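Got a structure here, written out as structure tokens. Questions coming.
Read from first to last, the chains carry the letters A, B, C, D, E and F; within each, the first residue is number 1.
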Amino acid sequence: MTTDTDPVLAEDPITGEEIELPADVEVGEIIDSPVTGTELEVISLDPVTLEEAPELEEDWGE
Amino acid sequence: MSETGSGADVAAETDAAATAEAETAAETYTASVVGGTGFTGGELLRLLAGHPNFEVVQATSRSADNMTVGRSHPNLRDLDLRFSSPDDLASVDVLFSATPHGVSMGRVDEYFEVADTVVDLSADFRLPEAAMYDEWYDGHESPEYLERAEYALPELNRANLPGADLIAGGGCNATATILGLKPLVDAGVLEPENGEVVVDVKVGSSEGGAGGGAASSHPERSGVVRPYAPTGHRHEAEIEAYLGLSVSFTVHAVDMVRGASATCHVFPDEPVSKGDLWQGYRSAYADEPFMRVVSGGGGVYRYPEPKSVAGTNHGEVGFELDPGNRRVVVFSAIDNMTKGSAGQTVHAANVALGLPETAGLEFGGLHPVGSP
Amino acid sequence: MSETGSGADVAAETDAAATAEAETAAETYTASVVGGTGFTGGELLRLLAGHPNFEVVQATSRSADNMTVGRSHPNLRDLDLRFSSPDDLASVDVLFSATPHGVSMGRVDEYFEVADTVVDLSADFRLPEAAMYDEWYDGHESPEYLERAEYALPELNRANLPGADLIAGGGCNATATILGLKPLVDAGVLEPENGEVVVDVKVGSSEGGAGGGAASSHPERSGVVRPYAPTGHRHEAEIEAYLGLSVSFTVHAVDMVRGASATCHVFPDEPVSKGDLWQGYRSAYADEPFMRVVSGGGGVYRYPEPKSVAGTNHGEVGFELDPGNRRVVVFSAIDNMTKGSAGQTVHAANVALGLPETAGLEFGGLHPVGSP
Amino acid sequence: MSETGSGADVAAETDAAATAEAETAAETYTASVVGGTGFTGGELLRLLAGHPNFEVVQATSRSADNMTVGRSHPNLRDLDLRFSSPDDLASVDVLFSATPHGVSMGRVDEYFEVADTVVDLSADFRLPEAAMYDEWYDGHESPEYLERAEYALPELNRANLPGADLIAGGGCNATATILGLKPLVDAGVLEPENGEVVVDVKVGSSEGGAGGGAASSHPERSGVVRPYAPTGHRHEAEIEAYLGLSVSFTVHAVDMVRGASATCHVFPDEPVSKGDLWQGYRSAYADEPFMRVVSGGGGVYRYPEPKSVAGTNHGEVGFELDPGNRRVVVFSAIDNMTKGSAGQTVHAANVALGLPETAGLEFGGLHPVGSP
Amino acid sequence: MSETGSGADVAAETDAAATAEAETAAETYTASVVGGTGFTGGELLRLLAGHPNFEVVQATSRSADNMTVGRSHPNLRDLDLRFSSPDDLASVDVLFSATPHGVSMGRVDEYFEVADTVVDLSADFRLPEAAMYDEWYDGHESPEYLERAEYALPELNRANLPGADLIAGGGCNATATILGLKPLVDAGVLEPENGEVVVDVKVGSSEGGAGGGAASSHPERSGVVRPYAPTGHRHEAEIEAYLGLSVSFTVHAVDMVRGASATCHVFPDEPVSKGDLWQGYRSAYADEPFMRVVSGGGGVYRYPEPKSVAGTNHGEVGFELDPGNRRVVVFSAIDNMTKGSAGQTVHAANVALGLPETAGLEFGGLHPVGSP
Amino acid sequence: MTTDTDPVLAEDPITGEEIELPADVEVGEIIDSPVTGTELEVISLDPVTLEEAPELEEDWGE
């Protein structure tokens, strides 16, 4: 997107790799890792810190 | 034209059964189904409506209160019954509950106020100990009922069912697995201290219930081989509890609606022969009215397949040996809605109440049949 | 616990039926199935084996001579019967033949030597006149039987069935169409001199029989909407013969195994109302044990659908009106293997022999069910 | 408009095309997709991401804001793009909107503030007159745009597309029908004053969009032949508007994910010959890069079939004659997601912008393929 | 080798690739496909016809000699090519053979008379030693070629492919398994002396080829979970040969047309962490243009699924850990027709000839897609 | 079937159980076991002796 703000960088909590996030992420937001696809929660900004988001237990009802 | 017959070629398969049927012909038990719009609730209604000894007097629904049962289940359009609220339970002989996990454990006292016998299809009373609910679920609200509950699967627990008043239907994937492995355990081929037992399960979409979400929409769910419970599936607990065996369990969603198929990879300490296996499986299930051993042979259907048993209360089990006999592969196929839940519990209720075991469960399936 | 019941909630739906059943309970007719490895042959075996008044004594096959019936039809594994040669026919009360078109017309004399009643599922005795076989098929070898033969569909021809000894099962697509349109013809809404009647049919793969060719292999046949009889389908002749109506007929193969669904587009001369239609359809089928009118309403299943009747002998019909009422769209759904052939002929045999109409045909179908 | 790109990565199929490509090779248009989590939105993203002359700079979603595009569309996992809010639209050359009916008509002013060209896939700008929205929909919020909008289907409206800045994608069922019938109209075989034209459509589940409800869950939607729009489908309006022809329209859901197949039953005043039909269809589509006439012939695929064109921007049309030539049956098959919406609009945008017509649309489909 | 062509019609995805393409843009290799009516033969024709550096000059068939290619493969209707006899082979740069096992080993001398490079999709040159053919097949007719042959899978054997003139395509199930397990072997997590490795495979019907028999007819093959190779599958040999690992292998047929999915149950000696696994898989496939690691995450598609890669040359691998970390479950999904055979060999030919690796293999797949 | 000859008995070669066969089986005939479904070849008559029939290797052509 042609926003004026550049993407921010953060460390993927699972692989340790550096990943790009949109500039406007906020604390508490859920966002998926471009590396692992895992849903991550933004824990803090500046620098952006991420944590694996609690998995919603899907009940397949068997 | 021969005029000797008595039309006895259907239900009454043995004289004993015929006698039993005669004795109980006069008995009709009233029944209700809590969770009647659901998939297993609908299956219960189908089976009980066709059962000679049950009369369905109530089916509950919160979302379809006052609607006809046929609106939810088109196969039951001839049934003259409307859903009513689960808050207003009728007095019945047997109450069947087919609600999501967690509902029955909160209402079981209430259930026993209106019913002599409670049959629950959820996981709420399946495990024998409260500690297991702490480990695998979010604890238990009514642990005092756990000892009273009997596991429904007659092939495993027939002896304890007569007279039982709280019956807990097995999990469908656990049922398939237990039926496949039990003969090996009984024959001593499979022992807890053996190496790994891998159970790779394939299931149909009805296992997810009528609720469904994005993942179960037709465009997303069609044509899949989708790992839906890669590890840590709760049925592991049930298998361990009833087979005394820890298994490595993985479940895949595949493109069918009804059916659960368990492929069990077993590595016995001692080599076994095909003859041993045949003998073990044959003797384990020789007297079981719903079990068949299908293993090799000719034609198209050489091993257990869910579509061979779709809509029925049958279970098929079979096996094959690796060259070198170091691995036994066991195949087990059931209909998750019937043998894997509603049918299993009706079977258990038959045993509990002293009715003929196959009463209401005679449908033998179709051929050909697509993705049933 | 109530102990009043009699388990009467299954077959015997009315007192009349119960009486009829009581009277005939002692009767068992021996039956044979020629073409027992085929799809409709297997369906006949399934229905007859579960029928209180039939005992199957022979099933023929040239290709699977001496093999068990369960090898071909996994749902019949419990049936203790082996295929035998069609050259060596047993003496029976009723011989059912489920062979490809052309076989029965050449063997009908032989059939009557061994059987009192012959029920044929092919097209060989469906049309009333030899000239029609010249026009639509390759002529007829035994035209002298055509007058003797009675068309099986009870909804159309019940009056002529009692005592009939040569019964000709209808074509599945024709059956779906006739069931859908007959109430309109009877009500005078649809007249032969009306404009065009378009019948657009969708069928499952079992209609092609067990033979199959390249076009019916799973990779090629899956997921299709395939015009397989764009025009000139032979069932047009049957519809014209029994409905007195020429229709524009097109058949498509779609991805299901069982099922035939006919959508009929009708343009009456005079506008009709929904009320008229309801009344016409309801009164046409009010006393029919297997017919249902499904038209609008709520929920997921608002119109006839093949999967609602899969495995059953039920037929569903329904309709809708174009805004402006210039078009009536009629939907009709059956299982081609049951109501469309094997079930229809068992129903007809029940009527012919004075048995309860629904005997052996009680299975009511499943929900949910995939592509049955 | 940015003119920086290169991306000459498309097959120049003819010299003319090659020249055209050379001229436009330098052009890259920025594009955004509003409704990017949806089915047609995803299809747009797939096509635009592989298009040599487009660069996708934004895909919007309210529900998956900030998530990667690959999370919704696993085929786009390599695309380095995250959804962003539709409230925050980027400035682009071309804005594609793939939202439910009613959204674009309320935001079109806004769209033109950020984009030079707006391509809408909903019904919001398809019909030429406000009155038609009053009759078939719930009116129109921005009727002033209706005249400005051009119908996307190049086979119908190519002449008016160059330079168009508001392009309205056709309805998928209407597209299938129009492509099938237009050659007959052009050849004078089918005239408005002819008798009835019956259009019987069969569609896949992706037509319902990603939203889905109970009726589109896998267990309920599998294996169906379900009348979902028995009469009164809104695409009738579109067909009438663009073909000058009133049709009797009925739509069925069948078991596939992608695909729309229209069977059109036409009754010409004068008998036509197969030769006439071949000539009419061949000449109508001779220069069309995406259209094929498939009619009779050998092998398994003799008539148009949705699975032959699945995933592609191709349309197949074919026909057959009733014996007696009083009826022409026309078959037309497209992929609802491609030729029926996203592909059609990319094609139209190519024409509008002077790009090679087939740019970004070269994928030719798979064989064998199941229920695509 | 002809060096006349141009056809720079493929997306230059990176600058490096663009340079590579520039260098090879002038090269066009002529190619033939022996077994062109078959499923993998058709896939080869599709891929080569869309490949910038290949020109297909011959496709053979005995059964469809002189017929157009489009008659067998409807997606190739635009290809101007007719089948010709395999007895009359054209001189080409590269001959692809897609015949049943046993044909190529008898004709390989002949093949090299007309072609510089031979690419074989059958099992005939896959195994490195003649003794393995004695053990798993019926011996080998041309064992002198076994050393010369290179296994096609670039992820395993890239280093040896440049300049290879006899390329042996891998088995589809073996390919899925090898791609899934190789990173574990490379990382030392999985060692030959570890306990059992269970590989439970699910495959689509196209794996059986176009021939088909009764078991692959649509009515019998729909909706199955059918153990088709319970034990002793020949791909075990291939896996052992290339991974140095003996596996317990079981293959099931499920209801899809394209796709092979391997679930590998591995029990490492030492516990591993998810982080270790991520690192192992990521680094193994970081530079692979066709491999993706898909493991957990959100949305509907969390693990590898055949339908995510259907029609593409992509492979998806992923993993999950048992609680307690004693088991690693590895999921691997490919399209058996593409990555599992035709695509794999085109990829290998690209490497062998020094062409850009992804040339002709760019198609990225569809979403949504049914049972592809 | 109402033939005049009774079925004959034989031993299932896999399970050892006694199985019923049609009276008119001939040497060389293939018949399936009602116990295991396995295809058996009739090796001799009087008494009827059975052997597992050689399995037709189905080539699934992968």
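Keep in mind that, in the parts below, contacts are C-beta pairs under 8 Å (C-beta built on N, C-alpha and C of every residue); 3 or more make two chains touch, one makes a residue touch a chain.
All values derive from a computational prediction rather than experimental measurement.
A.B. asks: Quickly list, by label, the chains bordering both chain E and chain F.
C.D. replies: Shared contacts of chain E and chain F: B, C.
A.B. asks: Tally the contacting C-beta pairs at the B-D interface and at the C-D interface, and name the larger one.
C.D. replies: Between C-D and B-D, contacts are more numerous in C-D.
A.B. asks: Specify the chain most distant from chain C by Cα centroid.
C.D. replies: A
A.B. asks: Would you kindly tell me how far, in whole Å, the mean C-alpha position of chain C lies from that of chain B?
C.D. replies: About 33 Å separates the centre of chain B from that of chain C.
A.B. asks: State, to the nearest whole Å, the distance from the C-alpha centre of chain C to the C-alpha centre of chain F.
C.D. replies: The computed centroid separation for chain C versus chain F comes out at 36 Å.
A.B. asks: What whole-number Å value describes the gap between the mean CA coordinates of chain A and chain C?
C.D. replies: 60
A.B. asks: What parts of chain A, by residue number, touch at least two of the other chains?
C.D. replies: 32, 37 - these are the residues of chain A that touch more than one other chain.
A.B. asks: Going through chain D residue by residue, note those that touch at least 2 other chains and give them in order.
C.D. replies: 39, 67, 71, 204-206, 210, 214, 219, 222-223, 256-257, 305, 368-372 - these are the residues of chain D that touch more than one other chain.
A.B. asks: Inside the complex, what are the residues of chain C that reach chain F?
C.D. replies: It comes out as residues 30, 57-58, 66-68, 70-71, 80, 82, 84, 90-91.
A.B. asks: Quick check on the complex: what are the chain C residues that touch chain E?
C.D. replies: Within the complex, chain C touches chain E at residues 39, 204-206, 210, 212, 214, 216-219, 221-223, 257, 370-371.
A.B. asks: What residues on chain C touch chain B, complex-wise?
C.D. replies: Residue list for chain C touching chain B: 1-7, 9-10, 25-30, 39, 42, 46, 49-53, 55, 67, 71-78, 93, 116, 204-206, 210, 256-258, 292, 294, 297-299, 301, 305, 308, 310-312, 362-372.
A.B. asks: Show me the residue ranges of chain F that touch chain B in the complex, using the header's touch definition.
C.D. replies: Touch list, chain F to chain B: 14-17, 32-33, 35-39.
A.B. asks: Okay, in this complex, where on chain E does chain A touch?
C.D. replies: The contact residues of chain E facing chain A are 274-275, 278-279, 282, 293-299, 302.
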